[in-house]
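Order of writing sets the labels: A, B, C, D and E. Residues in every chain begin at 1.
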Amino acid sequence: MQGFRHSAALLSLTAAVLLITGLSLAVFWAPEDADQGISQKIFYVHVPVALTSYAAFFWAAWKALRLLWKGGSRYDLESYTAVHMGVIFGALTLVTGSIWAKVSWGHWWVWSERQLTLFLILFLFYSAYFMLRYSTDPGPRRERTSAVYAIFGVVLIPVSFLAIRLAEGLIHPVVFKRDGPDMEGSMFLTFCVCLAAMLALAGSLYLLELSGKRADASLRELRERLA
Amino acid sequence: MTGYVADVAALARKDLLVELRTRDTVPAMLLFVVAALVVFHFALPAESARFAASGMLWIALLFTALLALVRAFVGERDHGTLDGLILAPCDRSAIWLGKTLSVLAFLLFAEAVALPAFALFYEDVTWELVAGVALANIGIATVGTLLGAMAAAARARELLLPLLFLPLAIPLVVGGVGATVSDDPGRYLAFLALYDLIFAVLAWASFEYVVTE
Amino acid sequence: MRIISARGLGRRFGGRPVLSGVDLDLDQGGFLLVTGPNGSGKTTLLRLLAGLLAPTSGSLEVVADRNRVGFLGHESLLYGELTALENLDLYGRLYRVPERRERTGMLLERFGLWEARNERAATYSKGMLQRLALCRTLLHDPELLLMDEPFSALDAEGVDLLHAELADHGPRTVVVASHQPERIAGLATERVALG
Amino acid sequence: MTGYVADVAALARKDLLVELRTRDTVPAMLLFVVAALVVFHFALPAESARFAASGMLWIALLFTALLALVRAFVGERDHGTLDGLILAPCDRSAIWLGKTLSVLAFLLFAEAVALPAFALFYEDVTWELVAGVALANIGIATVGTLLGAMAAAARARELLLPLLFLPLAIPLVVGGVGATVSDDPGRYLAFLALYDLIFAVLAWASFEYVVTE
Amino acid sequence: MRIISARGLGRRFGGRPVLSGVDLDLDQGGFLLVTGPNGSGKTTLLRLLAGLLAPTSGSLEVVADRNRVGFLGHESLLYGELTALENLDLYGRLYRVPERRERTGMLLERFGLWEARNERAATYSKGMLQRLALCRTLLHDPELLLMDEPFSALDAEGVDLLHAELADHGPRTVVVASHQPERIAGLATERVALG
């Protein structure tokens, strides 16, 4: 437990450092984007956040798999916390993305963006995950159900992505083309630092929430021992 | 193997028998489909694209299916019969498959009414549409049954199931609509088949975990 | 041969411990009587033994494959919309009972339900439903019998029928939870008092 | 009289309590509506969406209504609680009114979420639409509750009740959609109001006979 | 004063006669014990008396207005999704029980459910549910008490509690259907054996 706390503190420290460097790099060092101008800077927050939430969802599924494999409530707790992180960062993606959309296209929301729609679907899906948890009595049954649902989530990601691909051009043509990863070195470096920062941030938040939840659990058990 | 098939058959048969007695599900589905078609008839302007029409049809089918799924496990809760099935020596996935098949049967029944009605009100039914519906049915039934079993363990099931189901159903709608309106339906039908395959396997493999502790 | 062995078995519902530290040993042919006041965890224990619930603490081992276990709970586990025959037929198929028809008929005869075999279970009286549930439980001639208040709702005749069934259980292992131990006075070889 | 009101209040309160027992009914509603809108988006192209929009809205509302009715009486069948209410000294029509009000509350609640979202994603909500929805709600709740009670009183099973609901519900849908799309909604709204009046009185008067022997 | 009087009372379900030619007379303060094998019509009779079923033949007169009748059936008539308190509160309102809160608390106390008062009834054990159903039945202090196997699922303590409740029924008229007449041996003033 002590070592656990320790690593959590360490990670959050790294997160802070990385975050500061990454953002300052983005603001002061990385060159301004040719066609999008200053608004492109949000890219350094937006995309790392998005990718981080993906990572969280996959982590949740991995833990869920372990639960079904081995059993044991600790995996349930971890999987749940990971989903929680994923949803938090997903919301951040939606917000930053919407802001970006507003500044660069003038709309808060555009259906024609793959990522957007995909994210909306995932967001709905994982919100339902919370519904499922809250309306089921805690216990082994709930742990397993949540685990299965979390695994469905990561399968849904590629499937929905494919679906949206197909839907495009059918529903309406892609209006905006944007050049993705092919950016110049300094941009890319900055991006990588920001990504690392976001991952570290998510990781430390994950560990903090987890330790909090575990503390509650052990406290409850203690109370019952005494009672 | 033959034993597995026999189990599935026995379980599906049971559901159909129960429905035959109670007539709980199918009439509700019929009501909904027909009502939906009537709504379209009024809502859609005469010159509306076939695109819109078929889109409407798909929405109607999706929600009709949801009605069936919501009720699929209500009966099982009555006298703890789901426990009875779980205790039985049959493979748990057989329970899932049996349910899936019975849900599929209800869907086919509703569609046997819906599609002709659709042809009557709007435009004739193409083979692509039929193929798309057939494939989508499988996806709906497989995923829906699993989620239904999940929701059965929760409070407010009737409300929860649609929430769990809709996000997973979006790809089906995309594929189905695409198959009906696009120029080369092949891609969409293939996509639907893929979806069915993936989620059928997934649901088949994971059902045991959601019904047992 | 040891059929059931539990060590420090416990189960909590939403944090609230319902059973805790239950130790059990039952050999083949043994007859365990579970007693305890309302809400003491008898049903929970039997559901744990049946595998319908998972322990949240301790260890539990039950040596019996699923198709040789018979479970009678508070609920009938029967489909109200199906007739007695249809219900037993379903379970008979699932349990691969040899000569399903004969055995079904024999059991319905013995428990006095033959006349009502084609009535929907929903129209059965409570005691008739309990009798039908007994038929369901015994249908596949289980080696391990788990019964939760099996005598409830039964009339005098039904009690005798069940008592006879339990009396000559031979190699069969039996666990019964009941509020009326006197009813199976002679039979029990072991006892657990919960709560 | 005040006693009657008190009974109705107690009964409606009970239903809402059960409804809100899972505290997340509100977010659930929101999620459902948004999910439905996303589905619609994928089912329909942007341009035809504008025509079809109101139609889709009505489908969604009808579906929600059916869900509400399923919920309303599945619960009562569970432990014979309907008997408990019938035995109570309160006037039987109070049971019907309480149920109707709770169903109505559920619907209004769903619409309070759905209509703004609808306005946001599609066209703005006209007063005709609101009026039509409001009137349709009443009709659905009154008739649906009566039929639901019939279905719950097991002996009425043979009547194929949900199917009864079909001819009764179609006029509502027609009226509702008509009110939203036609040029002079007045006629349709008047029709809806008339429908509500007739069936409310009818259901109110006949409920006692439906639930008692 | 005559509370219940039936002449040639009969009830058929779908053509099949379940009760026929039952004659009954019960005065105020009387205690009627109804016995009979499974499926003999006890529940049907009690539901007839409660007005939940209508006779298909013969005449039945019950002199008691609805808000003074207490009915305990095979089913609890309670909402699983509501807590014990919420359930009793609902019925308390419908029956216009004076000092609802006090009486509710008092009953829950007496039947040992006070600790569990805020648990959903669905999570109750069978016996706890039966106890809660008893609270529901006695909540409005009925003059006419109709009880169908009231002792089922109760533990020894519960049986004593109920027995005490029935023993000092004073002016209250009671009808009890049971398979264990010995449990209310001394109390019954009349007996009807069905089937």
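Here, a residue touches a chain if its C-beta (ideal position, glycine included) is under 8 Å from a C-beta of that chain, and two chains touch if they have at least 3 such contacts.
Quick caveat: nothing in here was measured; it's all calculated off a predicted structure.
Asks: Identify the chains in contact with chain A as well as chain D, in label order.
Replies: B
Asks: Taking mean CA positions as centres, which chain lies farthest from chain A?
Replies: E
Asks: Looking at C-alpha means, what's the farthest chain from chain D?
Replies: C
Asks: Whole-Å distance, chain B centre to chain D centre, using C-alpha means?
Replies: Taking the average C-alpha coordinate of chain B and of chain D, the gap between them is 24 Å.
Asks: As a quick test, compute the distance in whole Å between the mean CA positions of chain C and chain D.
Replies: 44
Asks: Just curious, how far off is chain E from chain D if you go by their C-alpha centres, in Å?
Replies: 36
Asks: Taking each chain's centre as the mean of its CA atoms, how far is chain C from chain E in angstrom?
Replies: Distance between chain centres: 28 Å.
Asks: Considering chain C alone, which of its residues make contact with at least two other chains?
Replies: 13, 53-54
Asks: Could you tell me which residues belong to chain A and also touch two or more other chains?
Replies: 121, 124, 127-128, 131, 135, 137, 139-140, 163, 167
Asks: Mind pulling the residue numbers of chain D that touch at least two other chains?
Replies: 21-22, 28, 31, 35, 38, 42, 45
Asks: Going by the touch rule stated at the top, which chains touch which?
Replies: Every pair of chains meeting the touch criterion: A-B, A-C, A-D, B-C, B-D, C-E, D-E.
Asks: Over in the complex, which chain A residues touch chain D? Could you list them?
Replies: Answer in residue numbers: 111, 117, 120-121, 124, 127-128, 130-131, 134-135, 163, 167, 171-172.
Asks: Using the touch definition up top, name the residues of chain A that touch chain C in the complex.
Replies: It comes out as residues 137-140, 220, 224.
Asks: Going by the contact rule at the top, pick out the chain B residues touching chain C in the complex.
Replies: 3, 6-7, 10-11, 14, 17-18, 21-22, 75, 78-81, 83-90, 212-213
Asks: Would you mind writing out the residues of chain B in touch with chain A in their complex?
Replies: 146, 150-151, 153-156, 160, 163-164, 166-168, 170-171, 174-175, 177-178, 181-182, 187-188, 191, 195, 198-199, 202, 206, 209-210, 212-213
Asks: So in the complex, which bits of chain C are touching chain E?
Replies: 13, 36-39, 43, 74, 112, 116, 123-128, 130-131, 149, 152-158, 179
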